[in-house]
Every structure is written in structure tokens, then in C-alpha cells.
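See structure below.
Letters A, B and C name the chains as they come in the text, with residue numbers starting at 1 for each one.
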Amino acid sequence: MTERKRLSNSQISSQSKRPSSSFVAQEEDEDAMLTQPSTSQVQKGLEKLSPAQVDQKTAEVVQYILVKDQKKVPIRRADLVKNIVKDYRTVYPEIIKRASRIFEQVFGLKLVEIDPKNHLYILVNNLDTPPSNPSPVEHPSNPKTGLLFVILGVIFMKGGVVRDKLVWNILKKLRVDSGLKHDEFGDVRKLVTDEFVRQRYLEYNRVAHTEPVEYEFRWGQRADMEVSKAKILEFMAELHDQDPRSWTQQYKEANPTHTSSQASSSSHR
Amino acid sequence: MSRQLGDSHRRFLQNMMTLGITNEQEAKALYQNCCETHKTQCAPDKLDEFIDAINSRLQPMFMQIRKGMSEENGHQYYALVNMAETDITRMTSDYADNELELFRKAMDLIVSSENGKVSSTDILNCTDTMTSKSLKKSETQHLLTRLVQEKWLCERRGEYTLSTRCIIEMEPYIRAMYQDQVKVCHICHNIAFQCQICENPLCGIKIHNPCVARYFKGRTDPHCPACDDFWPHEIPEVRGLRSQSKR
Amino acid sequence: MRKAAAGGDEEAPLQNGSSGRRRAEPQPVEGDDRNSSPGGLQDEYDDNDLGRRREIRSKYRDLINSVQQNREDMLSPSNNRLTEVLDEADKLFQDVRQAREAVLDAHLLVVTTDLGKEKASQLISEGSAFDSTVFAEHLLSFMGLNRLEDEDDEPPNGGAGDGYLPKDAWHRLARRAECCFRTAPSFHYMMGSFYAEPPPPKQRLERQKKAPSKEAKRIMPTQLKKMEESQEEATEKEVERILGHLKSYYQEDPSTPISYYEFVIDPNSFSRTVENIFHTSFLIRDGLARLYLDEDDKLPYIEQVEEVEEEARSSVSRKQCLVSISQKTWRVSSF
């Protein structure tokens, strides 16, 4: 973060009543506090505040999440509390509930908590994309979406986990060399193993007991929430000019509700 | 005051988030598309009401879909704008501090110029007087390209102007911050950058080029609407007749 | 297991050398080898050809390397290389008599088993398999790959090395893949991303000063012009003065060549020296004097160009040279 922004951040945190003697301790504290407010506590807290105050705090939370979502990196609950919620932490559950409602009702977005251990939030689209009726106004496309499709697609088709070498190998065939600077993606290795991982599109872990060390990719939590396996499979089928049901296992996974009926129909083929 | 929104409103707003700015024709098409997608009533002349409904719910977050005119072609545009400056809005990460400083310096130059333009050379020279981390010339060039791409500046033949998106969002800010430098168009009363100026030193009113075109259309002997002196500039043609006649 | 094999790899040449030397000795030295072989085998094939063993080991290592390096392609269901590798290993093993070769065989087995396991894990019991090589090929087509003409001599990995992608290739893919993602659009703005501040007053003052000062603008250039003119005049006068000196030195003693450095250096002033060099260069540029290197001492000398000569000289080819002088060299040369 840049100097000035850091400054304004520290201003914000210094406004909170508790002295920030130990940064980490305070964060943990705040996180711990959050799990505590019970329904009755929240009720009590709300009584002390005017509806306008709660509304304003809610709007600030929405604004903060929108700003933080620009980079698509999940928002930590601890940061949200420290920077925005501050003295309202006793009514935090109510505020996050209202913020979620605004995202749904006004923006058509869904505020999702991923990673229940670290309490991270992301925004996902709550509206279905209608391929039959695409937007009449052309908008700029993001080439990174194409790159993500390739990697997530391979992981999915390979049963949920692939060695990193396989990914680099495919990308190389697509003229994206992980060792070179790419026109569109810059430092590809960094983009894939750092940015996509921080955004939680991908998980990138060392494979145990490998010598030399090897790594593997899996879908990250954002991908789980944001990416449709059925749509991926559909596009795969289109690319291969093949029936999506011919990949039985993947088809079952992508369409869990239809499993029984579709499986029987595929067995007829 | 705040109305219930449907999925068509939400989809329209999402499109505005992605696009940032869209012209009136596109906005109408988008409105129709959103209504069709979610099978709701669509009255072609009710776009502004449709947008008002969205705005009523955006207001608490200091956001708005705002209408404004392009100085370039005189058409109406809609832009999704932020209306407040707070600790939260300053947390935006789209541009670094020094990039924002350079943008502001470019804006200073454009606002204080007579014709609302600044040359790339003048912007590049600004980097010498920066208080935050200085930008290299190549970085500045790259930044300017990005600012054009992301629709904050326009560029033509090495000269930069404020984009329609920028003017729509920044108008209140510019009016407040550049009080004694900024002038409004005598015809449409919006802030004027790229315009024609009455040459009578006692008058000196400004008129946007598209407003000039519309105002003086068909007149052989144009005179200043304020001082009645002869209007010595070339009168541009009215552009985009098709969209005009549609109304 | 792999570690042991790798260690063996490194030691191999050294052992080869030493065992070769020790061979003359009556004692069977290979007995203290870590990879000691059973005595029976050893006795029976005591005169085993070392060269043949080395060849076997080298072939094993090549196989291991090829499996490790082409792992991803070998994983592809359409790839038969794994079978070929195992066949080759079978053939090699027929000649394996000693433990060191057997260790390499075991190592290859580890590598191929690992690969086989992964290959098998891809073959999900029912339905079609997914071949990432084929996938990459389809993607390239979708992205609009311009394939090069000679497709016949394509390498087996699907010709991924040929052709080039159009500039919008990844945008094309992104546009189609977008519908798989339920990405929330994000909100971007300019207003409010920085502190509201009026423009610096200094700038406005400058502007106000500048605005009414059209006259000042007009005056400035003429002043500048005058200065430039006077500068030019001064240079001209200086050049003439120096030419005068050159001429008078020549007239005083036409037989003695004039050393360039003696001519330009002012032992009392470095800056005068630099000025002299500067002004003398005009004499040379204008063809009023010429510089030449003395054949004996290789030092530059300067001489006046006779007026008659002047015209003829104008057609003579010119050369440029740089003269550099620092305070230090000046101090040395002025003594």
C-alpha cells in the first residue's frame, strides 16, 4: 500500500478507542470478540443506536467492500472490523446482515463468507448470465478470464488436482511461457501462483514426499463459489466437439442434482 | 423515497459498473435488454425513471448514475459516479498515489488552459515537480495510455482533454476547486473546457462546440448571444443527426 | 530409494576409474563397494566387460531422464512412450549382471511406476479420458491459431511449436469463457480517490503573470537574440585574434613547426586553455589552419593554410577529431 493510504488507515485505527499496542493481538482480539455477540447482545447494542447510525455504518461497510473488491482479493473480517465497523462491533452481525441485503437487493451480488477459519468475504454475482440474451453493449473483456478457464478447466477435468508442470506445459503450448514476460499477462508465473492464489481462484501447494519438490494446483475457494463446473464442461464439450455426458465422472460432479436421471440416460448411449 | 428494485435494475447497474459510461442510445438498448431478460415491463421513454429508481437505492453509498453531455459530440451520456470523498473512497487501489498526483497535475493544466487541452509534453514535464515518488517518462507515457483506456482522459494528436466520464463525475469537484478558473457554457450552463470563446474582451463567454453548432445552425451572420458582437469562429456542423431526429 | 540411486549416479565415473586401475591387483576390490554384488555372480562373470556395463548404465540414465523430462507428454492417454520405455528397459535388463546396473533398473522402475500411477488416475473408470494435449490443440484452434504451412513434419506433441496466435487470442477465449464465471463487476471511480485540494496557488500566480505579459514574451526572445549575436561576435573576434597569432608565429620563424599543445595551452589558466582549443577548432573547421601528426614524435602540430592553398584545400577530404583535456592533463602538460 502506498504511503498516504497507509497514513489514512492508521488514522482510522487510531480513532478506535483501544490503544493499538500490539497490532496482531488487537486483530485476534477483534476476531475473538466477533464470535461472541449473541442475539440478545446485538439486540441490546441496537437499542443504543439510532436507525440512521446503523444505516450509515451499513452503507460504509458496503462501500468498503466494493472498494476492496476492485482487486478481487478476499476481504478479511478483521480488517473490516478494524477499519470500518470499529465501535459498532457489538452489532456487527446485524450490520453484515444488512450489508448482504443491500448487495442482493441493489447490486444483484452476493456477499459470501469463504474460509470460515480466517473469515474472508468475497462478492459473487447473484444474477444468472443469460447466454441467449447477451448485453447489447460491448464491454472490454479481461484476458485473465481466459487463462483462468484453461487452468481451472484442466484441474476439473483431471479430477480436482494437477501437478504444476502439467499447467506450465499446457500454457507453453498456448504460447504462454511461464519463464518469459507475456504481452498480455506479464510475469505469468507470478500471476498464476501469486495473484490467482491471493484472489483464491487457485490453491498452489507443495506435493508431500517429492524430490525434487513438486507443486500441485487445485481450485481455490473463490473458484468454488464463482465458477460453474457445468458451464466449464459445456465449453469443454464444445471445444472437443463431444457430448459433455461422455465425461461421465465430470458430468456427475458438474450436475449433482441431475445425477440419477442423466446417468441413466448416458448409460443408454 | 427508495423504491423496490427488480433484477432488471440490478442487471442494468451491473452493466454500468462494468462499462463506467455509456451513451444514451446504448443505455436505452441496455434498459430494453435488461427488461427482456427478466421479463419485466419496458417503456422506452421511462429510462430516466428506471435510473432514478436505482439511484434512490445507491444514494446511501454516495453513488449515482449521472447524466451529462459530451463536449465532443454533444450527445447525452450516463456514467456511474462516486459522489463523496472519505477515508473509504481514498482506499481505492486503481491508481497509485504518484499516478493520481500526475492525473491531478494534468487536470490543473487542462482546467487552466483556454481550450481545455494539454500537450503530452506539458504533462511529461509535470513529473519534475511531483511531491510523491516521481514517475519516469516511460511510466508517465504508460499511465496516460491507461487513463485513456479507462476513460478518464481523451487523446488526440498528442493533446489530452478530460473525458466525458471524467467531466460527469468530477464536475462538482472541479466547480468547487477551480472556482475562479472554470467557466460554464453560455448555452447549456454546464462546465466548459473544449469550447469557443467570444473575442470581445469585455464579454469572453464560452460556448461548447456542439452547443455552438446547435445554436448557430443555419445562421449566416452569427453574433454572440451575450454581447451581440460578431462571432468570429468557424461554426461546426451538428453531429449525430440521426440520434437528434429520433427524439 | 531415489536418493541412493542418485548418489550412485554421481559416484559412477569415479568408481569406474578407480576400479579400472585396481583391476590389476589380485584382490577383488569391488567387494568393498557399497553396491556389493553377491559373490557367486562376481566369480562367474569376473571378466565382465566394463565397457558394456558402462553402456548399460548410460542407457538406463537416458531412459530415466527421458521419463522425467517428458513426463507431462507421457501422461497424455494418447502417448505410448511409457510402454516403449518399459520395453527398452526389459531388453537392457537381460544383460544386467551386477548390482550397480540393477539399482538403476530399480530407479527407472520407481519413476515409471509413479508415472503409471498418475496415468492410471486419469483414466477415470467410466467415460472418456481427458487429454490435456488434445485440449491445448482445441484451444489453439479456438483462439485462432495461424498454422504454418508445412504441417507434415509436425512433432508428435501436436505441432504446438508451429504457428502464431492473433493479438486478440486471449480476449477471444475470455469472451467465451466469461459465462462460466459469476464474477461480480467492480466499481471504479476517480472522484474521491485523492484528497480534495485546490490547485497550487503558485501556479495560478504564474498564470496571472503570464497572461497579460504578451509584451514580455515578445521582448524576451529579442533580448535572447541580442545575447546570442554578441556571443557570436565575441567568438569571431577571438578566432581572428588567434589566427593573427598563428600567422605572426609563422612569420617569425617559418622553419620551426608549431606544436599544437604549445600553441593552445595557457600555463596560467585552464579555462583559457579550453577556450583556446575551442577557438582554434574554428580555424581548422574553416580551413584557415590545419593539424597534422609529426612522424617522429607523433604529436599534433598546427600550421597556417596559405591563402592560395585555401581553395584547393576546400575539396580535400576533412576529418574530425576530438580533443580532450582535463585539469590534470593540463597541469602535466603545462610544465
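Criterion: a residue touches a chain if its C-beta (ideal position, glycine included) is under 8 Å from a C-beta of that chain, and two chains touch if they have at least 3 such contacts.
In UniProt terms, the chains line up like this: A = Necdin-like 2; B = Non-structural maintenance of chromosomes element 1 homolog; C = Non-structural maintenance of chromosomes element 4.
Since this is a predicted model, take the numbers as computed values, not measurements.
Asks: With contacts counted as C-beta pairs, which pair of chains has the highest total?
Replies: A-C
Asks: Can you name the chain that lies farthest from subunit B, using the mean of each chain's Cα atoms as its centre?
Replies: C
Asks: By Cα centroids, which chain is closest to the centre of the whole protein?
Replies: When every chain is reduced to its C-alpha mean, the one closest to the whole-protein mean is A.
Asks: So, what's the distance in Å between the C-alpha centres of subunit B and subunit A?
Replies: So the centroids are 33 Å from each other.
Asks: Taking the mean of the C-alpha atoms as each chain's centre, how many Å separate subunit A from subunit C?
Replies: Roughly 39 Å separates the two chain centres.
Asks: Taking the mean of the CA coordinates per chain, how far is subunit B from subunit C in Å?
Replies: Centre separation, subunit B to subunit C: 46 Å.
Asks: Where does subunit A touch two or more other chains at once, residue-wise?
Replies: As it turns out, subunit A has residues touching two or more other chains at 4, 66-67, 70, 107, 109, 125-126.
Asks: List, in ascending order, every residue of subunit C touching at least 2 other chains.
Replies: 185-188, 195
Asks: Going through subunit B residue by residue, note those that touch at least 2 other chains and give them in order.
Replies: Expected reply: 14-15, 17-18, 62, 86, 89-90, 92, 94, 97.
Asks: Where on subunit C is subunit B touching in the complex?
Replies: Residues of subunit C touching subunit B: 185-200, 203-204, 207.
Asks: For the complex, which residues does subunit C have touching subunit A?
Replies: Its residues touching subunit A are 2-3, 71-73, 75, 118, 121-122, 124-128, 130, 132-140, 142-143, 157-158, 160, 164-165, 169-188, 195.
Asks: Write out the stretch or stretches of subunit B touching subunit A in their complex.
Replies: For subunit B paired with subunit A, touching residues are 5, 7, 10-11, 13-15, 17-19, 22, 26, 29-30, 32-33, 36-37, 54, 57-58, 60-62, 86-94, 96-97, 132.
Asks: Taking the complex as given, what residues does subunit B use to touch subunit C?
Replies: Interface residues on the subunit B side: 14-15, 17-18, 20, 62-63, 80-86, 89-90, 92, 94-95, 97, 100-101, 103-104, 108, 111-112, 150, 152, 166, 169-170, 172-173, 176-178, 180-181.
Asks: In the complex formed with subunit C, which residues of subunit A make contact?
Replies: Against subunit C, subunit A makes touches at 4, 66-67, 69-70, 72, 107, 109, 123-126, 129, 131, 141-150, 153-154, 157-159, 163, 165-166, 169-170, 172-175, 184-185, 211, 225-228, 231-232, 235-236, 239-240, 242, 246-251.
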